[in-house]
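By letter and in written order, the chains are A, B, C and D; residue numbering begins at 1 in each of them.
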Amino acid sequence: MVHIEDKEFIRGKVPMTKQEVRCISIAKLDLKEDSVLIDVGAGSGSVGIEAANFMPKGKVFGIEVNPDGIEVIRQNLEKFNTANYELVEGLAPVDIPDICVDRMFIGGSKGNLETILEWFLCHSGDNAKVVINTITLESLSDAVKGLEKLKFCEIEVININIARNKKIGRYNMMMGENPIYIISAKRSK
Amino acid sequence: MVHIEDKEFIRGKVPMTKQEVRCISIAKLDLKEDSVLIDVGAGSGSVGIEAANFMPKGKVFGIEVNPDGIEVIRQNLEKFNTANYELVEGLAPVDIPDICVDRMFIGGSKGNLETILEWFLCHSGDNAKVVINTITLESLSDAVKGLEKLKFCEIEVININIARNKKIGRYNMMMGENPIYIISAKRSK
Amino acid sequence: MVHIEDKEFIRGKVPMTKQEVRCISIAKLDLKEDSVLIDVGAGSGSVGIEAANFMPKGKVFGIEVNPDGIEVIRQNLEKFNTANYELVEGLAPVDIPDICVDRMFIGGSKGNLETILEWFLCHSGDNAKVVINTITLESLSDAVKGLEKLKFCEIEVININIARNKKIGRYNMMMGENPIYIISAKRSK
Amino acid sequence: MVHIEDKEFIRGKVPMTKQEVRCISIAKLDLKEDSVLIDVGAGSGSVGIEAANFMPKGKVFGIEVNPDGIEVIRQNLEKFNTANYELVEGLAPVDIPDICVDRMFIGGSKGNLETILEWFLCHSGDNAKVVINTITLESLSDAVKGLEKLKFCEIEVININIARNKKIGRYNMMMGENPIYIISAKRSK
C-alpha cells in the first residue's frame, strides 16, 4: 500500500490535508526513491508519511511546533510504521537541523515563508523542488512573490475546487470543500 | 433598490438561495416588466421577491408547502412591501391555481419535476422560460432529461462554484460553498 | 428588458464580462435608481450599459482608453439606446472629469488601481461602493491591500468558477471557464 | 521515478488525463503491489502506465479501440519501458480477454458502461475497486445509476475544478480547465 486513504490517518484535533490535495502535492514534488524531503508545518504528518512510501531509500524530516500536531504525528508514524521519517519539534527555519534536502513541502509557514524559502536555497542543490499549500490570499501572494524574488523557476499555481457527494435518501448532494492553492517551483541552478 | 442583499431577508430555519445564485437565476429568467412568474418551492421567498422588483407591471406566484417556509415568505413579503406577489400554500403542480405564466423558477420540486414541467407547457405560451436550481445529481439528470423529453430548447446547464473570503487575523481564507447547478431553457413554439 | 443576454451585445475583438459575472457585479454594486456610477476600463461597455437599466434617474460614466473598446461601446450605446451613459475616452484616474459618484466598477485598471481607489475616496460620499473584477493573482492582491490600506470596509472577495454545458451528440460536456475574482467594498464614513 | 509529469508523455492527437486528475484517480484505485488493473478506454495510456509504477508485481491491461490511441500507447510503453502492461486492441467488454482483475479504471466506455461494470463483477473478487472519469452529465448519471443498480458500495463522486496560472508579463492569470467527475466504488462481497 503506497497511497493512504484519509480515514486511515489518526487526526485528533489537527487539520489534515485531504487525499486529493495530498496526492497532487506529492505528485508535484516529483519524488525520487532516494529523495530527502522536509515537510514544514507537518500538521498531522499525512503528507510526509504518505510521501515516505514513495522514497524507500530516502528520508523525510517533518517539522511541527504545535503540541497536538506533534502527538498526532507520533501516533501516525507508529501506526504506519514509517521508518524513514524524523520528527523535528520546533519552528522553521530556526529549528531545522543542518541537513541537505532536495524536496520541500510547506503546509504551514507561521508567517516565515520567505526565510523558509531562503533556508531551502542554502540547503539544497540544482533542480530541488518545493511545493506549498495554502488557503489564504495573503500566503498565496507571499508565496508567488517570494518564489519570484528568490529566482525560483517553473512556478506553477493551481487552485483546486472539489465538491463531493453526500447521500441523502436517494439523492447525491454535491458538497463544496474549501479551495486550496497548490504552488510548486524548482530552484534555479 | 432593486437588488436585495442576503442579510436583508428574514430566513428563519429555511434554506435561502444566496445572492450570487439568485441574481444569476433571475438574469436567466429574462423578466419583462409585465411578466407572470411562478416560483415553485419558494423557500424563503427570496428569488420571487427580488424578481418582483424587476417586473413592476407583472406578478409573481410563489408556491410552497413547508409551514416554516410559508411563515418566512409572509414575513419577507411584509418587510419588502411586495405588492405583486401571491403566496400559494401547497404542492406543485396540483395546488397551483389556473393561471397563465410566461416564466417559471423551480427551487424545489419534491420529486415532481416532470409533471411541473408539463404543467408549465399547458399554462404558458411561446418563448416562455424556465430556470431550475439544484444541488443534487439526480435532480440535475431529471431536469435535463425532462426538458429534452418535453422538447424545450436552448437548454443551458451551468455549475457554479463560489469561494468567499473569511477574515482570520490579517489573513483572508477562501471558504468553499456548495456548487449549484442552474438549468435554464425556453419552451419550443 | 432590464437584464441583457451576452449574445445581444456587440463585441468586436474586445473581451466581455459574461452574464453571470456581470449580474453578480451589478448586484454587488447595490445600485439606487439615482446612482452615479463610474465604470473604469469599460471594455465593451456591457457592465455599465446593463447597470444603466437599473438606475433610470442616475448616470453612468464609462472610461476606456482602447480604441477598439471605445468603438464597441459606441455601437452598444446606440444599439441599446442607453441615454444615461457618458463615454470618456482616456485613462483612469487622470482623464476622469471632475464628477461626484456613489458607485465605481473597475473591470481594468492598467496598473493604477491604488490611485483609482484614491480618486474614488475624493469623489464620493458615505456608503459609496466599489466592485472590482480581476482574473490575475497580482491584481487580486493589489485590490485587497489597496482597499485595506485606504480603510474601505466590508471587503468581500469571491472567486467564481463556472462550467457550462456544450452538447456533443447526446452528451452534455461541462466546459470550464476562467475563474473570476469579484472584490467589493464600501468606503468608510 | 514513480510519478510522471504530463510533458513526459507522448500525446499525438489523443486527449490525455492531466496529472492532477490522473494522480487522484490512481490514489482512489488504492493499488497494491500485485494488483491486476484493467484500464478501459486507455487513451494515451497515461493512467495505466503511471499506475504500473505502483504495482511492480502486478499487471495492467489497457484496452483501446482508437488506432491513434493504440499507436500513442505503444510509443509511451516503449518510452517508459513499462514491462507489466499488456495492450488489448478492441472494445470493452467484448474484446477483453478472459482475465481476473481486482482494479478497473474507466476513462471512456463508448456507451457500454453498464456491461463493462457487469463484466467487472464477473471477473473480480471481494473488495475490487473501480474508478471512472467523465466530463459529461449523461455518463455521470449512467455511472452513478449503474453502480447503484449493481450494488457497488462506498460510491463516491467528486467534481474537481482546477484553475492554473499563465504568466502574462508580470501577471499570473488563472485559467480554468474543464471540470472532471471522478467516481469511485467498491464491489460488494
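The criterion applied here is as follows: a contact is a pair of C-beta atoms (placed from the backbone, for glycine too) under 8 Å apart; a residue touches a chain by one contact, two chains touch by 3 or more.
Chains and their UniProt names: A, B, C, D = Precorrin-6Y C5,15-methyltransferase (Decarboxylating) subunit CbiT.
All of these numbers come straight from a predicted model, not from anything done at the bench.
> Between chain B and chain C, which partner chains are common?
A chain counts here if it touches both chain B and chain C, which gives A, D.
> Which chains are in contact with both chain B and chain D?
A, C
> Which chain has its C-alpha centre farthest away from the C-alpha centre of chain D?
For chain D, the chain whose C-alpha mean is farthest off is C.
> At the chain A/chain C interface, shared numbers over all numbers used: above half (same) or below half (different)?
same
> For the chain pairs A-D and A-B, which is connected through the larger number of C-beta pairs in contact?
Of A-B and A-D, more C-beta pairs in contact link A-D.
> How many angstrom lie between the CA centroids of chain A and chain B, rounded to a whole number?
Result: the chain centres lie 43 Å from each other.
> Express in whole angstrom the distance between the two chain centres, defined as the mean CA positions of chain A and chain C.
The computed centroid separation for chain A versus chain C comes out at 38 Å.
> Counting in whole Å, what is the centre-to-centre distance of chain A and chain D, each centre being its mean C-alpha position?
For chain A versus chain D, the centre distance works out to 26 Å.
> Which positions in chain B are in touch with at least two other chains?
If we look for residues of chain B contacting two or more partner chains, we find 137, 144, 157, 159, 161-163, 165, 172, 174, 179.
> Hey, which residues of chain D end up touching chain A in the complex?
1-3, 5, 19-20, 23-24, 26-28, 30-33, 54, 144, 155-165, 167, 172, 174
> State the interface residues of chain A toward chain C in the complex, per the touch definition above.
That would be residues 137, 140-141, 144, 157, 159, 161, 179 of chain A.
> Residue numbers of chain D touching chain C in their complex, please.
135-139, 161, 163, 165, 168, 170-179
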